[in-house]
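Some structures are shown below for you to check.
Look at the two complexes coming up: chain A is in both, with chain B in one and chain C in the other.
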Partner chain A sequence: MGSHGIRDRVAIVGMGCTPFGEHWDKSVDDLVIDSTTEALASAGVAVDDVDAFWLGTMGSGVSGLTLSRPLHLDYKPVSRLENMCATGSEAFRNACYAVASGAYDTVMAVGVEKLKDSGFSGLTMSPPPGDGTAVELTAPAMFSLLAPAYREKYGVDEQEMKDVLTRIAWKNHKNGALNPRAQFKREVSKEVICNSPLIAGQLGIFDCSGVSDGSAAAMIVRAEDAHEYTDKPIYVKALSFVAGPANGPIDPEYDYTSFEEVVRSSQDAYAQAGIEDPRAELALAEVHDCFTPTELVLMEDLGFAERGTAWKEVLAGTFDLDGELAVNPDGGLKSFGHPIGASGLRMLFECWLQLRHEAPAERQITNDKKLGLTHNLGGAPGECVSFVSVVGAEPSD
Partner chain B sequence: MSGVLSYGTYVPYYRLQRSAIAAALGTPSGKGSRAVASSDEDTTTMAVEAGRVAMRGLADGVAPGAVYFATADPAYLDKTNATAIHVALALPDDTAAYDMVGSVRSGVGALRAALDAKQPTLAVLSDLRTGLAGGNDERDGGDAAAAIVCGPGSDEAPVLAELVASASVTAEFMDRWRVPGARSSTVWEERFGGHAYAPLAEQALTDALKAADTTPDGLDHLIVTGPQARGVRAALAKSGARPEAVVDDLSATVGNTGTAHPGLLLSSVLDAAEPGALIALVVLADGADVLVFRATDALAQHRASPSVAQWIASGRDDLDYQRFLTWRESLVREGPRRPDPVSPAGPPRCVESSGSSGSSGAAAPSAAPATCRRHVSA
Partner chain C sequence: MEDEPLADLEATVATFTLDRLAPSLNPPVVAAVLDFEGGGRYQGELTDVDADSVAIGDRVEMTFRLISTVNGVRNYFWKARPKREG
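Let's turn to the complex of A and B:
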């Protein structure tokens, strides 16, 4: 028994990522064709040479046919996965295991979501028939509960908290302004952010991530074969996924200042990757900033800051692009929106660029660290799933 | 000896000041405020709240043999609403549950039926009163619920107020009505209602006091209530009761809660009545019903908590009239660009309501409400 991981057994040898945004002129088919074409070209592989596919999408299609039809696949295995907002990461995780098991040589993980076709604001779900007792809160409402809970627990006053949340949004938009694939490609002033109309609790519109369409894809092969495809493969160091017991909302002990699922999945991932001090060892972290207080809490849950101190670290610029640990250097969900199935692979795409030193110069991280982390959260405080991966530019010693 | 064994009330949190209506519509300003059920409340949820208070006041192991739910504004037609109250109160499945819905008079009817029962019986009276914007019903109405467990007393559940006499007069006339599906009631001219109700009230009260072997000035508390304000005033004027015996009708703080009002006012009296106090409850609705109670020594140890006065004091009275109209669907506003909430589905609700039978109720935290418990552990 145990979580052993597949450290350095598989590697990413090609990736693609579409621009994220309101793609009124593109279908789901168009988006997956764009991302997979780029990923195949990046690895120098023809689609017929891919042995199996994993497609992550929450609601933009069902079954493997969602991918096999537009790609004209020649009777290949295609799995379609869903794991809430961690869907894209889940497609990647399962694809990696398939290669590590020896079942396939060359596989592709694809994530896609086309949210803008729904006509609704925010995310929508089609829950299974229920008894009517499920809590019906919007995502902003559920995540807004983090802010007052954190304030009360750590004695942060309301204005200080507003400044902290504002700075997180400001930082991510500042990074996104340097990213041609982002949905929002411009900086937003702190004044505009903190005066934006309130959506839920203390959260204004700029505390919330956008709604967009997008797709991203990754080519995965055995690590020993990786150099046949690229000089700079990215090695998979850790993959951890946790589904919590989902009893937070009815547990009087749950205080809305932490995601235990994130704590557990990050500890598991660090053990797999042999990381002892994530803040010191990671070159970058792409985390699930669905709302600004989420990113604040994640800094502590992922071990980047001591409990009760992340708010000070945020204000001090620790997680800025040029800070001690760059968090969301691509602009995060804040700048990209959150096309569910695509987000996890979009985060991985930033690690791919950064660790290969292929990011645009204005946002290329220049330290000599070789590890990147992606983190995906699905659900809401107290009832969620969490995914953490660690990838690296070099095999371990 | 039969009578009240336990009781509880619920007054929703929000109050609409009558001056807010006047300010919006340019109508003459009324005094005080009315209680308003929130957008996520209906007569069933308010009934559950009141029922919880009443059940808390009942000794462990005493379960009502039946639930009678009375309201003029049921959440469902055709389907029984009392079953939802039954499951929310976690009553045993051999407790019967029935609705008495559609008219204001069903409130006192449920109370009478519970008082006549041979075993403890829960009468839950709940109403959500509304009417067209600017009308009397909107201004004078109120939303609330009262739950009263009645039956023969026992050592575990002593009688708090003994029923000493009752009387009823039934009359068919067109003073107030609402056809199914209509948004508001049609009410005949005020003076006609006053004319119609006065003799009915006099007849029923006379009969009841005679049966109780007392006179009007022997009453310590006199409640007269009904949707026809002029008839109520006339009945009070002619009652012969001492002025200090007349019970505050809560019009200044809660409004007239229709079907629930007899239960709410009776509860407000039980909150403070001395042992031995003689209480007459007169309800004028499509006739007249009178119930005469005598408070017992047990009452002082079994008063409801919260009391009616505590509910009233715990509300907030700054509700916007526009919001009130929106909640009542009188003001049709653009909704959020979001899908409509999903309605409950039949089979999951059936499975998850079956609690103790089957495995789904097993690993529940004891603090969780019944419905959550089943939902979470499924």
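Let's turn to the complex of A and C:
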């Protein structure tokens, strides 16, 4: 038994990512054509040269036909995956394993989601019918449960917490303003964020990520073949995925100030990648900021801040674009938007740009670190799935 | 397996929120994570409560209430309300 990882055995050699936002004039077909065309061009590969595909979407299509039809694939294997909001990462993870196993030479992971056309602001899910007694809280309400619990545990007063949450949203909008592909390409003042209409608990509308349409894609090959495609491949150092036992809502031991699933998946990923001090070793981290309290708690679960200190680190600017560790330099789910199946691959797209020094100059991270992290979460506090990847610009020694 | 009735036990608020988006017969939904005396946790709705005064550590008791009406069927289930004195 063991989680051995596939460090440096596969590499990303091309990526594509559509702008995220309200694509009233584009279908799911259009979005996957756009992202895969960009990824193929980026790798210099024709679609016929791709051996197999993994498509992540939560609800914008079922089966591999969702991809094979618009791409006119020539009888190729296409898997369709779903793992809640970590769906895009799950597509990437399985595609990487297929190459590492030797089953295929050249594969593509694609994520897509089209949320805006439903006319409903948020996720439309159809759980199996129950007895009608479950209290169906909305996603912002479930994540807002973190805020009072964190305040109580660490002695943070209500106004201090509001300032912390506001600063996370402000930072991610500030980063997104520098990103031409982001859904919300503008800065928002702290005053506006802080006074925005309340949605759930302490969370206002600006504490919530963008409901969005979009697609992203990655080309993956064996590491030893990577230089046939690009001079700057991005090596996969670690892939970790866990599904928790989902007992938070029934177990009084769970205190709503942490995601154990994130702790476990990050520790596994750091072991695979040989990372001892993530805060010092990572050039950037793309994390699942679905709501502002989530990003706060993630800073501790991912080991970027000591327990009970992330709120102070947020206020001190530790995770700003020019801070000690840039978190969500592309704007994150908050301002890049969150088309579910695409988000995990969108996070990798930012690592791809940053580690190759191809991000727009105004948000290019200029330190000499070579590793990037993506973290993607699905579910709710106490009952979630978590994915962590580490990717790097150089093979390990 | 033995039944462990919780209906007559008091519970304590572990964390809470006010969900202004959730559909409800009694909006906005005041939801809380409740830890029962002697063990057991339930995530449910509070009722007969001043939404702005809910705090971690509040003591509540269970009450059987109308929770939804679907296709003319009235569905009752447990909610929690602040512990009444006396």
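By our rule, the second predicted complex is superposed on the first by the 390 of 397 C-alpha atoms of A that agree within 3 Å, B and C clash if a C-alpha of one lies under 4 Å from a C-alpha of the other, contacts with A are read in each partner's own complex, and residues count from 1 in each chain.
Note that contacts are C-beta pairs under 8 Å (C-beta built on N, C-alpha and C of every residue); 3 or more make two chains touch, one makes a residue touch a chain.
Bear in mind the structure is a predicted one, so any value in this text is a computation, not a measurement.
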Partner chain in contact with A:308 - chain B first, chain C second, else both or neither: neither
Which superposed partner A:252 touches (first chain B, second chain C, both, neither): both
First, second, both or neither for A:395, with chain B first and chain C second: neither
Chain B versus chain C as contact partner of A:77, first or second or both or neither: neither
Touched partner set for A:149, first chain B, second chain C, both or neither: second
Winner by number of chain A residues touched, once chain B and chain C are compared: C
Chain B versus chain C as contact partner of A:201, first or second or both or neither: second
Partner chain in contact with A:138 - chain B first, chain C second, else both or neither: both
First (chain B), second (chain C), both or neither touched by A:274: neither
Contact residues of chain A, present in both the chain B and the chain C interface: 122, 131-133, 136, 138, 250-252
Chain C to chain A touching residues, read off their complex: 14-23, 29, 31, 33, 35, 39-45, 56, 67-68, 70, 73, 75, 77-78
Complex interface listing, chain A residues touching chain B: 119-122, 124, 127-134, 136, 138, 246-247, 250-252
Contact set on chain A toward chain C in their complex: 122, 131-133, 135-138, 140-142, 144-146, 148-149, 152, 198-201, 249-252, 254-256
Residues on chain B engaged by chain A in the complex (per definition of touch): 336-339, 341-345, 347-349, 351-353, 365, 367-368, 371-372, 374-376
